[in-house]
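Right after this note come the structures.
Look at the two complexes coming up: chain A is in both, with chain B in one and chain C in the other.
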Partner chain A sequence: MHYHAFDHYHAQESRIHHLDPRVKVLLTIGFILSNALLPDGSWLAFAAAWLLLLWANDQTRLGLGYTFRRSFVALPFAIAAVSAIFSPLGQPLAEWNLGFITLIPTDFGVVRFFSILARSWLSVQMAILLVATTQFPDLIHAFEHLKTPRTLTTIIAFLYRYLFVLTDEAYRLLRARSARSAGLPGKHRGGSLFWRAKVTGSMAGQLFLRSYERSDRIYNAMLARGYSGHIRTLNPHTMQRSDWLMLILSVLLLLFIQIIGWYR
Partner chain B sequence: MPVKHKTTYPLTLPDCEGDILQIHELNFAYPDGHIALRDVSLNLCSGDKVALVGPNGAGKSTLMLHINGILRGEGDVAVSGLPISDENLPVIRALVGVVFQNPDDQLFSPTVFDDVAFGPLHMGLPENEIHQRVDEALAAVQMQGFGERLSHHLSMGQKKRIAIATVLSMQPQILVLDEPSAGLDPRARRALIHLLRDLPQTMLISTHDLRMVQELFPRMVIMDEGHIVADGKATELLTDAALLETHGLEI
Partner chain C sequence: MLLSPTHLHIPDGFLSLVVSLIFWAATVIMVGLAISKTNKTLGEKQIPLMGVMAAFIFAAQMLNFPVAGGTSGHFLGGALAAIVLGPWAGILVMTAVVAVQGLLFQDGGLLVMGANIFNMGILTAVIGFGLYRTVSSAKKGLRLTVSGIAAWLATMAAALLASLQLWISGTSRLEIVVPAMLGVHVLIGIGEAIITVAALAFIEQTRPDLLTSEKTASSGGRSWIIAGVVVSMIAVLISPLASASPDGLERVAADFGFLDAGQGAAYQILPDYTIPFLGETALSTVFAGAVGAFILMGLLILLGRSLRRKSVTSEH
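Coming up: the complex of A and B.
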């Protein structure tokens, strides 16, 4: 039994799926950077970025609304931007008295809030698209090619590999607990809150102990097979002409979006 | 728990229609679409000792997880006449003692005592009864005096016995064990066989150890690809070489 909660790769035959992972990583970072650099209230540029995103969605053949449907995971983070509405710069729009505090939304603040919302919403969708079209090992590989420190990529690769083992382990512990969480008619069930907290605490402790011991065993198994400090991989990725074309075209489109944002 | 050694073990099937466990046309598919159980029907009577055998991936563990309602498929499951429902679940979990294959899953508390006491504590029993039940359960698996030991420092055979004690302390009517003899050395396996023989509860035990089945279980159920393909006297099924080979079993 496995949890697939973190595995978001969607197999499909498409131009984007076959693109070199380095290009995809660079373009995603470029897209996020471009959104961050756009001035507040440049709605036309945001719309252009959105069109670019839709085009990318279409190219993956996962459907136009693919990333939109999955973008709501980022919604809770938008709450962090709510305070921007009450920015003291700009003209006040209303006055909300909540008893202990008076909130004054301003026109500048509202524009800023929606701009932040647009930026994060667009950026999250592009990241979702990257993960959906690139296998995780390829993604790690791309970061290695782009000179991300080896230690960092190795940690991420191991994290990804053993996250599933760990969630499975946690899941089995929880299942064993619920199998013994019985009750008798007419008796209070579940013990005291303190006792339940203690049980949960020791389960977390067990999970840590086991992960720790497992990491030792894994390391020994790696040493036994000649591990010397960094993971070597074969290098199956070479930039094709189509990869360069896609990279150049997309960078030009991003520049175009910037021009719309700043000069319109 | 009275530990009385029987010299001759009755290899006959009790005559009833399933007073303690009734499973009727149970179907289950995992969320990824893999169908694990297809039209499974199984009745267990009080005192029945049933071996559930079949290749890996046949659906044995999935079936076992339905008996205490951890998984809920389509079809009817009733324990002691109680159909599985949200309302009955606490009582059913007290009636059915499930021991998982890997004792490390079962033992999640720091000490052996805490683990064996988990079930009774959750059931809200008074303290003196909890102590009494823990002592009885540990005695039944011959692990007296291990209460203060740390679970993760025990040997595999000891962990398996403690795992069985963690459900015995709940005084269940049915014991459901998932591959109890897997990974044990001959001596620990022998000790486990004696333990299972002496426990009075109704048992449904999944295993690949057909020599243990031969020795211990009057009734045997063979599962393959989510179906129950045979259900009958172990002595008869175990001599059917063609049947065993078809379903990847070996004595």
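Coming up: the complex of A and C.
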């Protein structure tokens, strides 16, 4: 079982952990939406959003830098925004001649690039915090309360349930392939690239059939245990007064960040 | 890390709010349609099947094969899911996969998830299934060839749409992002095509009952052929236009007002930021944006409810 690779929940006794999952989902989306609404270059507001994030981090008792360590997942994508630096709008800052192409970074472009990075970096940390403080079944339940169609949430619940099982199956296939692919060091082993891709394709087909047939057995087993079309949970999830308080307080803070961003 | 992020999962912050919301709306409509269609045709038995199939796509993305230089080919799976399970079920499966990748692994953002689902789930299903459907009753060799082409084209189209979204959002320059994304995905797409074909061949050998032409025809009507061919044609026509003469495409988009609309309020207000009384306008823009977002959200909730009610009645 490689479940720890998938389970991002960190058990802890904290106010945020006990918050209703609906509130956490709404606040995470609200925070990301607030970052998207902030104008480019409103550094003060981005700093305020970061303070809010640090405060939330602190409240979870996972440590101030908990999300910081994991916050660089989205960084490779920053390459996509590099070209924004050379936006033709705005004043040129320099001129770099690379022989075949001349690059002209502009002030507007640089501000835009770093604003995109700030938004992305802040947003991804809040999402990390959400899954670190909420168990995945609770998260799915929250989305169900927030009117996500039940068909979809049930599919996602099944996906999560069988992820571990099928990943193990995939690992077994990979281990079997390595066991059969012995070779002398330094010598080319296996066939051509095409052949390798074909082997992987057969493995995918094999995995598909095993999963397909497993799903049949799962369905029959569930019917036998009284499955009626959706997954039930014992947790009632009712909004407490503290949940409402947290929701209102955080929305006010987000509005405050917006005001900082637009008035400076 | 087990699941290395691919270049197709756009994180939050890289797309403008307007682009994110437009693709959320399109995705919600398509997913709503997919839910009511699958409920109508297959009933509740389909749900565990689709859940396990979504887990399969997830696990299959782990099966990699060594390519030169320490890199490895990965598998996206959108086309395969649509061909074997039918387009609507394929869309739902890929929606679940992208949702969990974004929620649990931060592989792709939440506000931009609509765009990610559209690129990797809906577009790949339309092209993958649409093209396969044109030859679904032909001989095995032709079917496998077409499914390979469809898988390659679906990957390329997803990369193209992602780069167009980045461009309209004002994140990337068109003349850089399109050739870069397409260049990377030419190779990824070839890997995808070979794996898809080999997997289909394997399934056909062991369980031919899963891939009969009647089964394919019943899971999606003839209109999928038209949709698949038209979307593929558009992708094929735009790619060279975007990479060879980006100015032309930029001009067209500017003429139709795509660029202003996509880049949103911040773009127009920022240059005039020094005017003293402009705070009023800025604040009103924020409120207008918030009101617009709320209205959109309300519409989506209403749509979701009406679809849910329909699906409940159709189950009984």
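FYI, the second predicted complex is superposed on the first by the 232 of 264 C-alpha atoms of A that agree within 3 Å, B and C clash if a C-alpha of one lies under 4 Å from a C-alpha of the other, contacts with A are read in each partner's own complex, and residues count from 1 in each chain.
The rule is short, and it goes like this: a contact is a pair of C-beta atoms (placed from the backbone, for glycine too) under 8 Å apart; a residue touches a chain by one contact, two chains touch by 3 or more.
Quick caveat, the model's predicted, so the values are computed rather than measured.
Once the two complexes are overlaid on the shared chain, A:Ala81 sits against chain C while remaining clear of chain B. Of the two partner chains placed by superposition, only chain B is touched by A:Gly191; chain C is not.
Using the contact criterion defined above for the overlaid structures, shared-chain residue A:Arg225 touches neither chain B nor chain C, since it reaches no partner. In the overlay built on the shared chain, the residue A:Ile128 is in contact with chain C alone; chain B does not reach it. Looking at the shared chain after the overlay, A:Leu173 reaches both chain B and chain C.
Contact with both chain B and chain C is seen for A:Leu209 once the two complexes are overlaid on the shared chain.
Once the two complexes are laid over each other on the shared chain, residue contacts for A:Gly183 go to chain B alone; chain C is not touched. When the two complexes are superposed, the chain touching more residues of chain A, out of chain B and chain C, is C. Applying the stated contact rule after C-alpha superposition, one finds that A:Val199 touches each of chain B and chain C. In the superposition on chain A, A:Arg241 contacts neither chain B nor chain C.
Across the two superposed structures, the residue set of chain A contacted by chain B and also by chain C is 169, 173, 199, 202-203, 205-206, 209.
Contact residues of chain A toward chain B in the complex are 1, 4, 169, 172-173, 175-185, 187-191, 195, 199, 202-203, 205-206, 209-210.
Those residues of chain A that touch chain C in the complex are listed here as 2, 5-6, 8, 28-29, 32-33, 35-41, 70, 73-74, 76-77, 80-81, 83-84, 86-87, 89, 112, 116-124, 127-128, 130-131, 136, 139, 147-152, 154-163, 165-167, 169-171, 173-174, 193-194, 196-209, 211-212, 214-216, 218-219, 222, 229, 258-259, 262-263. Here chain B touches chain A in the complex through residues 30, 32, 65, 68, 70, 90-94, 98, 100, 102, 104-106, 108-110, 114, 118-119, 121-125, 152, 166-167, 170, going by the rule given at the top. On the side of chain C, the complex with chain A involves touching residues 2, 5, 7, 9-14, 16-17, 20, 31-32, 35, 38-39, 44-45, 47-56, 58-60, 62-68, 73, 75, 80, 84, 92-93, 95-97, 99-100, 102-107, 109-111, 166, 170-173, 176-177, 191, 194-203, 206-207, 210, 266, 269-271, 273, 279, 282-283, 286, 289-290, 293, 301, 304-305, 307-308, 311, 315.
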